[in-house]
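Next up is a structure, given as structure tokens.
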Amino acid sequence: MEALSLFVAAALDSGTVLALVALGLLINERAGVVNLGAEGMMLVGALAAFAIDVHTGSDGLGFAAGAAAGAVLAAVFGVLAIGLGANQYATGLALSLFGAGLSAFVGMPYTQAQLGARHHFAVPLLSRVPYLGAALFEHHPLVYVALALAVAEAWFLFRSRAGLLLRAIGESPESAYALGHPVRRLRFASVLVGGAFAGLGGAYVSLVHTPLWVEGMTAGKGWIALALTTFGVWRPYRILLGAYLFGAITMLDFYLQGRGIQVSTQLLSMLPYLATIGVLVMTSRNAAFVRVNMPASLGKPFRPE
Amino acid sequence: MSSSSRLRRLRHPSTAFPTFVAGLVAMTLSACQRHDESKAGPVGAVSSPATAASGTAAGPFKVAFAYVGPVGDAGWTFAHDKARRAMQQALGPAVVTSFVENVPEAADAERVIRDMASQGNRLIFGTTFGYMEPMLKVAEDFKDVRFEHATGYKTAENLRTYDSRTYEGAYMVGVLAGGVTKSSTLGVVASIPIPEVIRNIDSFTLGAQSVNPRVKTKVVWVNKWFDPPKEGEAAQALLNAGADVLMQNTDSSAVLQTAEKNGKYGFGWDSDMSKFGPNAHLASAVIDWSPYYEKAVSDAMSGKWSTGATWWGVKEGAIDVVSISGKVPEDVRKKLSEVRAGLKDGSFTIWKGPIAEQSGKEVLKASESADDKFLHAINFYVKGVEGTLPSSK
Amino acid sequence: MLRLERREQPPRALVAAAPLLALLVTAAVGAVLFALLGADPLRGLALFFVEPLGSAGALAELAIKSTPLILVALGLSLCFRASVWNIGAEGQFIVGAIAGGGVAIHVGAHPPRVIVLAVLAAGAAGGALWASIPAYLRHRFQASEILVSLMLVYVAELLLDYLVYGPWKDPEGFNFPQTILFPAATRVPRLVDGLRTNIGLPIALVAALVVWVFLFRTARGFELDVFGAAPRAARYAGFPERRTFFTALLGAGALAGLAGALEAAGPLGQLTPHVPAGYGFAGIIVAFVGRLHPLGVVLSSVAMSLFYIGGELAQSRLGFPKSLTLVFQGLLLFALLACDSLVHYRVRRRPAPVPPANAGWAARRPPAG
């Protein structure tokens, strides 16, 4: 039982990275923009956060720097894909390559550096609850931020005017434009938000999850986060659940090994990806369901003339 | 690509392209008739056969290194590079070194190594197993250049292998682990199930059992040499399963950092990782390649180089355990010193029977010592290691 | 507010020049970077653009590096022209290598020389099979081919790992994850003795020709293009949508798989976990930089290979870090996308026009009052 509660804790920790990034990407995707540069934004965010933390000793500044770095890189994407109407998929890919290279390059002096002592967080009282306490209440604040983010986004997207506008832009930018809304400016803003959260997710990796810097340290998590938005059919709670599920499956392999159960690790490692395809198939089967949830203009450039 | 311009082009295709391709194909096929006389360097300046053959080249002796990972990995590659710099320092301006990092263990490796050979390097070090085939191919084409392959098993007239007895380091930190652990459960974050790694897991366990016979070792395989997030997650899983001292056979400091995060203990591997876990770090099992590099380069320069397989350990100064923390009790520390001294003068053998494998079957009889052949082929867990080896068939 | 105004007829010269312009911009930024890193900018540029072309051996290496890129990017250009977003070419490459390698290690030690054809055919078949999964799932369940093909990349990598760690591991290999070395007869023949270039290069060029013929001289190719450019018009004209995206995906899969088999039976000579070399993803950039046209693809593959090799040379000669190569690739694509956009659109500074009150969505609302 104790091992199980620790497993849940590990799954939450691993899933939070994915949740932060995917929920951020949800914002720009709901506005109709696909940014495949998630991996690059996460990496620059991870490096920025680590570097600032090394120099200032402050985690808070580190997280802020990570978010800012992600947003700056996203801005480059925005200028090209929204400002100049370039192909979103190609631009996003270029961004992920560039971000990976840039972070590796600039980060070279930091591979030998290390941060100050890491805090151990625990919610007072609740963390003493047997089993549940260890599973749920001994996490870094960002884990709870991710949860709150999902709640906030659900409210924002489906219960607020601003969210309605965002979704309208995603469904039909032409119509929104005809109504006088500054579609491109709002899309750009949504891209910045997405980038900031991707950077924040990266910062979580380099400050909390594995407190060090090494090039390429996000190891594909950005791509999984991209898959999560589709996996969760562009709905915040489903995305959150998907993120934790992925985190759990990632940890499952090691958890089983730690218990002495030997399953072929490669076959086990395939699970998250096969699961994504499975859910994708199930949710896409109902074309009407997808049409209702997927932003209709996703990936298409909008060029007012 | 704008849609209207594409549609417009559909109506007016040009014939420029087929002509171009036809031309290219003709050119490449006609190249088949010619045979390239010089088999020397593909890229860049080629050292002429004359100077290459003679032992004395004008100018400093050029040595090149190919690394599989980044110099900043704080582990395996860092250790090689540190040794390269030490060797350069020791041998002075008579030697000039260079390196290429992040060379993948695939087709690209051949190109990089071939380029090194054609650039006038007289001695080339390939620091990972996966360069074996590429190095063999290049060695065949550059008979006057010498090649050194780390951790491999194939040699040639001008290619030899070298390795370090990392299992001695594993045994020594095992002694410390056995003396420090309170839960009698140890954890190893292992990379790839090759004999070297399995041998290290076993040696670690044997070392721990020598001070604490009840010790058990749990193993998690990450199937990568270097993947900090995965290494950290594997470490967490081991800690969650009850281990309180961790060892690793992977290349980053993530395992130690995770131990630090959880208030448990860990060791540095390949390089001194003490600063990555101020509270968790008990000691680091380090490899010092510089004695070997100095000897290899000096031998090559003075014409004494010859092929073979070298496997150095504590005795030759290649393996050591450093930065031992104050948290280690005095008696355990003393035991470690004894072991180290015994390894240094050859009086102590780690793999000496009776040693039983996991199922209880004896693999080494009492007082029987394992030879290098036995050590190279270790493919079993010793008693005390939990779990099943990822098997081949 | 900056506005984009479409140019009616972008001058063809400018359209063709855009990639070159992008290359120049990247080279200029590169020169600045070299200078900042303390190296001679001209020497740096020479390492990237001149030295890899400087000798027969160098050209051979360039060919070896470009061949898989050409093949993969050709297939991707088919897909992208049809607006089928196949991001999983890397997975198709891997499965092609597995299929080709599988044939090579199971035919015994001295098969007839024609076995090479079987190896390559198996590679193409394997890649096509892998690509048929996203094609089928899209056809049957409208599942996004982007994500399915991407997820299958990871699955393919793990499948390769499973095989080389398990059933296909060389029993004499000291338990290292690798297959036996392929028997000599199954290896892809070289073009010239002493150089690494093999028949992959002419195969790739012939493939480019075939794709060109397909796209510009056949009805199916035309249909594919129309689906990408104006899908509604295509459907209205009765073009078969399912056949089109199957053709695109299977074609791309076969080409990527062929590239994989060529790599495994060529320079590698065995299967190891290191078969995936990122060609599937680099191919996406190559396809775009080559404007999805076979000629462009060939040229941009060469350019991209220059970057790869130049990056290695910069490392060993100037001590530059490997990350620079990635930075350059990203920069190149950025520059290209920007130039491309500017070629097709003019940037004007003018106030945002007031949308006409009687047009579009707004017009369909019932009049107020």
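Each chain gets a letter, A, B and C, in the order it is written, and its residues are counted from 1.
Going forward, a residue touches a chain if its C-beta (ideal position, glycine included) is under 8 Å from a C-beta of that chain, and two chains touch if they have at least 3 such contacts.
Worth saying up front: this structure is predicted, and the values here are computed from it rather than measured.
Chain pair with the larger contact count among A-B and B-C is B-C, by C-beta pairs in contact.
When you average the Cα atoms of each chain and compare centres, the chain farthest from chain A turns out to be B.
As a whole-number value, the distance joining the C-alpha centres of chain A and chain C reads 27 Å. Averaging C-alpha coordinates per chain places the centre of chain A 34 Å away from that of chain B. Averaging C-alpha coordinates per chain places the centre of chain B 33 Å away from that of chain C. Chain A has residues 87, 104, 108, 215, 264, 266 in contact with two or more other chains. Within chain C, the positions touching two or more other chains are listed as 6, 161, 165-166, 321-322, 340. Contacts with at least two other chains are made by residues 1, 70, 223, 390 of chain B. Residues of chain C touching chain B in their complex: 6, 10, 15, 51-52, 54-58, 60-61, 63-65, 81, 161, 165-167, 169, 171, 174-177, 181, 191-197, 201-202, 205-206, 208-209, 212-213, 216-217, 222, 225-226, 228-230, 263, 266-270, 272, 274-275, 277, 291-295, 298, 309, 312-313, 315-317, 319, 321-322, 340, 344.
Against chain A, the residues of chain B that register as touching in their complex are 1, 70, 72-74, 187, 218-223, 226-234, 236-238, 240-241, 252-254, 257-258, 260-261, 263, 275-276, 278-279, 386-390. By the touch rule above, chain B contacts chain C in their complex via residues 1-7, 10, 13, 16-18, 20-22, 24-25, 28-29, 31-32, 34-36, 38-44, 46, 64, 70, 98-108, 110-112, 115-116, 118-119, 129-130, 133, 141, 153, 192-195, 223, 376-377, 379, 390, 392-393.
Within the complex, the chain A residues that touch chain C are 40, 76, 80, 83-87, 89-91, 93-105, 108, 172, 174-175, 177-180, 182, 215, 220, 223, 226-227, 230-231, 264, 266-267, 269-270, 273-274, 276-277, 280-281, 284-285, 287, 290, 299, 303-305. The touching residues of chain A, when paired with chain B in their complex, are 3, 6-7, 10, 13-14, 87, 104, 108, 111-112, 114, 117-118, 120, 205, 209-212, 214-215, 217-219, 221, 250-251, 254-255, 257-262, 264-266.
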